[in-house]
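Chain naming follows the written order as A, B, C, D, E and F, and within any one chain the residues start at number 1.
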């Protein structure tokens, strides 16, 4: 099953039926991202999205120290951020194209039809926030240290944190506090404001917990699960009325699935239902 | 006053001046809903909405065990969910009409001009969430067990939970967790994430608390209260700028009420103001 | 530096480099607002917004007892709220113009290019909420007593609370509870629901804390800080997709700043960067 | 088939297979509308919308002189427009409810799942515009005289013209001209600006033409026709991107119809396809 | 009445009761705009907007040759467009503030509560389009030559043409043609695509025609006229559903005007109604 | 320059400096589209979009008879439209992915940073409309026959026509007429309603005319031209206010280009400016 999912900076494994585990694998650099990495991540996720063998995904960082320290600043300072054309409009065009491409790679996580659980630990700075906010569920180890780091390198975060964070948590004052100050905060603060849905011991414990949840989700009807992800994301960004209308149009097709009958029958018979591939 | 508010599955009573109490009344089936029930609920609420004798409403479930166990799955499996036309587009049309009708019945709670307080206890699954999320204020007993149950019967919840929940609480990771896993959660978790604004002992205590709040709201100017509900719902779904504009246009009429003078004068005189019917 | 920032009801001081302190100064009336005050506040903030010497602002109330008790009801009852034309449409036009003008004064805080930290203590009623919700960060003393007071004077709050509060905190049930009941709540409730990002002792402590944060923000690149405020406010009101697009177009100009290089270099050299005026 | 479609002010006939003809029938009053009429029109259209025997509708006015002269002003001046409560806010509430009810009746034409062709002739003032703009296709006789009459009775049109006209034609300057001046304009001006898609002789000719088009539409797949109406209305009000997404979700169900195969096959065989009822 | 309306570059006169005539007055430079002019125009219009003696406005250009040749490029090239800071982000900030200020001046025409009729003749380039598109009604002399001139000076038009033109006319292909090519087009082309609602002889004729329409509008109820302008602008930018809701809330106040009764009665009595000031 | 632009079904040539000509090349089948063709078209356009040697594009159909007859129905009936899974929800998922992919290929024309001129002639059915509506400018030969053909094959058009047509022309009644009836209409009708901006003789003449316009656009500043396209598309789909804000943020970067000075100077010197590559 794992064939073809081979990438220099990522390990892709399949720890359980219908579950994929994507691990950021550059531990010697605290999993800091170079351009190849976001291109690869996007390619992996786009493929898993349509893989009929996959119903849930967990995303972790390898090594003990970091989920990811964020953008590899040394590499970036020699790349895009150093580019300079004598004409500011032409430089702007080049930068805009680059930002859009980078954003699209991260948004691939949100658009992935299959739910993704981000499991964080240790250093989780900058891009770590962009990444986990594009995932569906966030859980973290007790030692996780977060920071919306971008103002410390002279820029407004532009790969997603500033657009997704206000909709992910329930304290807009806190959102501005951490985005404007770039201060480091820990797992209990993250839990209190609603950034994560759970804090679980060390890395081993939280990865086990993430995997448990991934298995649970993978045991449900994929028609129901993928519809739920789609409608929740759609509704976050629109009025309740728009959300309801989209839901009705979505389900006019999806309620025709045999999964409904299979799930109901299994419920009555106290059996575990089996759903065909999607 | 209560005449005409007679329905097989609902008790409608008037426990205090300007306050209505709507009780779901099918305790032998854990208050599970059959189609007649949502049609009736909508009819009751639409009528209370324009009843000049009503200024606040509480919604509860009868019996000790459940606010509601949700959709009566047995009935549903013999009704809509079993329907099948040989042509998928024609089946889709029929399903879509059915979903819209069902959604409209629940949305009647949100559109009701008078605030509605949902008071939950015991089993509160599936439709219980759709219902209480369309109400204005949610409070629950300590024993309440919630579940966004729909994925367990093979479908994405389509009567409102997926559109309203992301805007009702402040932890989008948690929203996806409970919607994708269908796991049961309790009252303290509900309070922590912001699903309810209070947890109060057993059913007796929480109903008393709901009634107390309903009376407090009913003692205020109905012009002020109904405007506040309207503007909060409007603003939830739109930009701050749109909200401000709508508010100004709303209040260009409403500030002309004599309630403002009456309320101010009563405040200075430490009296309880009386407001005429709306 | 302080020249020109002289107003009857406000003290404007400059306690640190790049930091302004705006103090509401009508303590003998619990800092209650008359019309002149919101006009002045707007004028001050609009000027600070473009002042190259300012990178962050704190807003406080003078005296021990109140941030502000809200609208000066006695003054209001003799002014706008008492106005009456024999024709309801003409009265409406006059009221609408007045509301828009008042709203614009408060929205000036949100539009200010420089972040504003509201530091509350004591009585913080009615307009106190409108004001602090238009600021970026809210912190309060332990003794702060909040109330969305407007329904008690017979009207739906129309200067911003009802439009901003649902997007500022993560418990929509609680939002409706406090807006419909006008009940007083304290600092720990405010913290729990996400209205403030911190509670810090008495007035002295919380002002010191606010000033500390203001200094921290003022030490960052103003290009990064102002972009972060702008994009967060923009994104709060729109879909993630719209937020991302705006961010890319914003940063196609802003990433060209030398602040990026200066900040990166300072980071590597463990020095404090200096940024030129904006 | 016509049973049950009996109303005092409307004739409902079925001039061809799958085609309904709804005629406003109060010619002695130039088909001017009293409240009962818009309630009835809405009831008729809501029923035709789900009637499997109907695939297109034409709407005409009886008599030679008028499609409709609009609101029956004498009746209105004794009804809603005369209502007066001593409290402006309470009067406003009553007026708002009335306007919403009236708007909903007219919007029923737009929401009707089956396309409606408005065929106008003679006097077509005020409500005539509201009505025909909520229909899908507008055609008129050469003698048609239009007027957005409302400013002449002291009010801004509130039943739909001001919201739909800017999106129906391609000359916003002209829209404001006729709405602000209430001047009468004729069929060739209506055609030039895009208000109608055709002008056809006298009333007899244009009704014949409308019926011909209704029959043509009724001969197509109802799945295709109703989807086309739905998506066009949806897209008019939203961005292209939103329109495309909704279309894809709509058609994921609808492309599964056997009508596609039947239509293609009939096309190849030069036969007229038969589609089953929807 | 005319006192106070004195400006170097504008003549403000009052040719009829309730009608203002604003004339751009720099004929020796083809009415080309320097910064002072848009600041003044905005000040004039903002004041007329709330002047109870004014119910309609016409805007014309003095001299035979031009409505306006647009931005005074020589002045601009020495002003904003020449500004240069060594840091691109700081230059961007300065440019953005300048563009917003300029846009706001032109948008003042659209926000003016009283309808404005733009009467064009001769050269009408660049800013001429921005200006007239922010007015309500556009009419022109046969000799008018239009051009969306901006690409010819190396920039995308940023004061309103690109945002308003697609919503003002009914040929998006033509919009892009003239905006991308900067080609000159005449009055008959303008009429054909819907940019103007009428072409009338020479300057004298068209100004007379504009004045005639202004008088007609000024003779109507100002409550009705101003509501009509407001709702049309609101609806242009939003869905029909949003437009309808806003209209109902607007009219819950405005239908309470005595103008309705006065207008109806005058209609029955064939008299000219008199409306009190707004 | 032309290297690499080689595709089986398309000819890509470069008839003038900065101008590309993309020709649909399957004349023996009336340029009907098979899947490979829209994949290729998207690839071509995405590449031209960032090609610094290209500033405008014309899109034509080879042969005398057709721009394109639309979807190759025979191929389609053996491909996607014939697919059938026993489970309607799984079939829906597969169809939805397919529609999104197809839509994205057509939307590539709209997203292309460089303006595209569609030049139509002869048979222009179905997909011909989807294609040309995603282009910027439409012109056609006198013999062009258009049809929104989709209802005739049993489906609602889902690749863009129904979402773009209501915003491209100024007669919504006509839009519904042609979309619901699938009737064929000619070039003069297309011109009258605003679908094309010009009709020019036979195929040779109109291609020459398209090329002339492409050259004119290519002679302008690419910074100005691409910004104009971007802002027009953005504004079409949003409120004027949103359009203005986006424009200001866009131009805070773009006004810093030297093209402005170069264009102004060339204008004064009556020279043709030269702009560097973008």
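Here is the rule we go by: contacts are C-beta pairs under 8 Å (C-beta built on N, C-alpha and C of every residue); 3 or more make two chains touch, one makes a residue touch a chain.
Computed from a prediction, not measured in an experiment: that's the story for all the values here.
Counting steps between touching chains, the shortest path from subunit C to subunit F takes 1. Two copies of one chain, subunit A and subunit C, touch each other, and the residues they use overlap weakly: the shared fraction of interface numbers falls below half. Taking each chain's centre as the mean of its C-alpha atoms, subunit D lies 33 Å from subunit E.
Annotation: 35 Å between the Cα-based centres of subunit B and subunit D. Centroids built from CA atoms put subunit E at 47 Å from subunit B.
Among all residues of subunit F, those that touch two or more other chains are 88, 91-93, 167, 169-171, 193-194, 223, 236, 238, 249-250, 252-257, 259. If you check the complex, the residues on subunit D that touch subunit F are 115, 136-139, 167-171, 193-198, 213, 216-217, 220-221, 223-225, 227-232, 235-236, 238-241, 243-244, 247-257, 259-264, 267, 273, 275.
Residues 50, 87-90, 92-93, 97, 223, 226, 253-259, 276-278 of subunit F are the ones touching subunit A in the complex.
Across the complex, subunit C meets subunit F through its residues 246, 249-250, 252-253, 256.
Listing the residues of subunit B that touch subunit A in their complex gives 73, 77, 81, 84, 88, 91-93, 95-96, 99-100, 103, 107, 110, 150-158, 160, 162-167, 169-177, 179-183, 193-194, 236-238.
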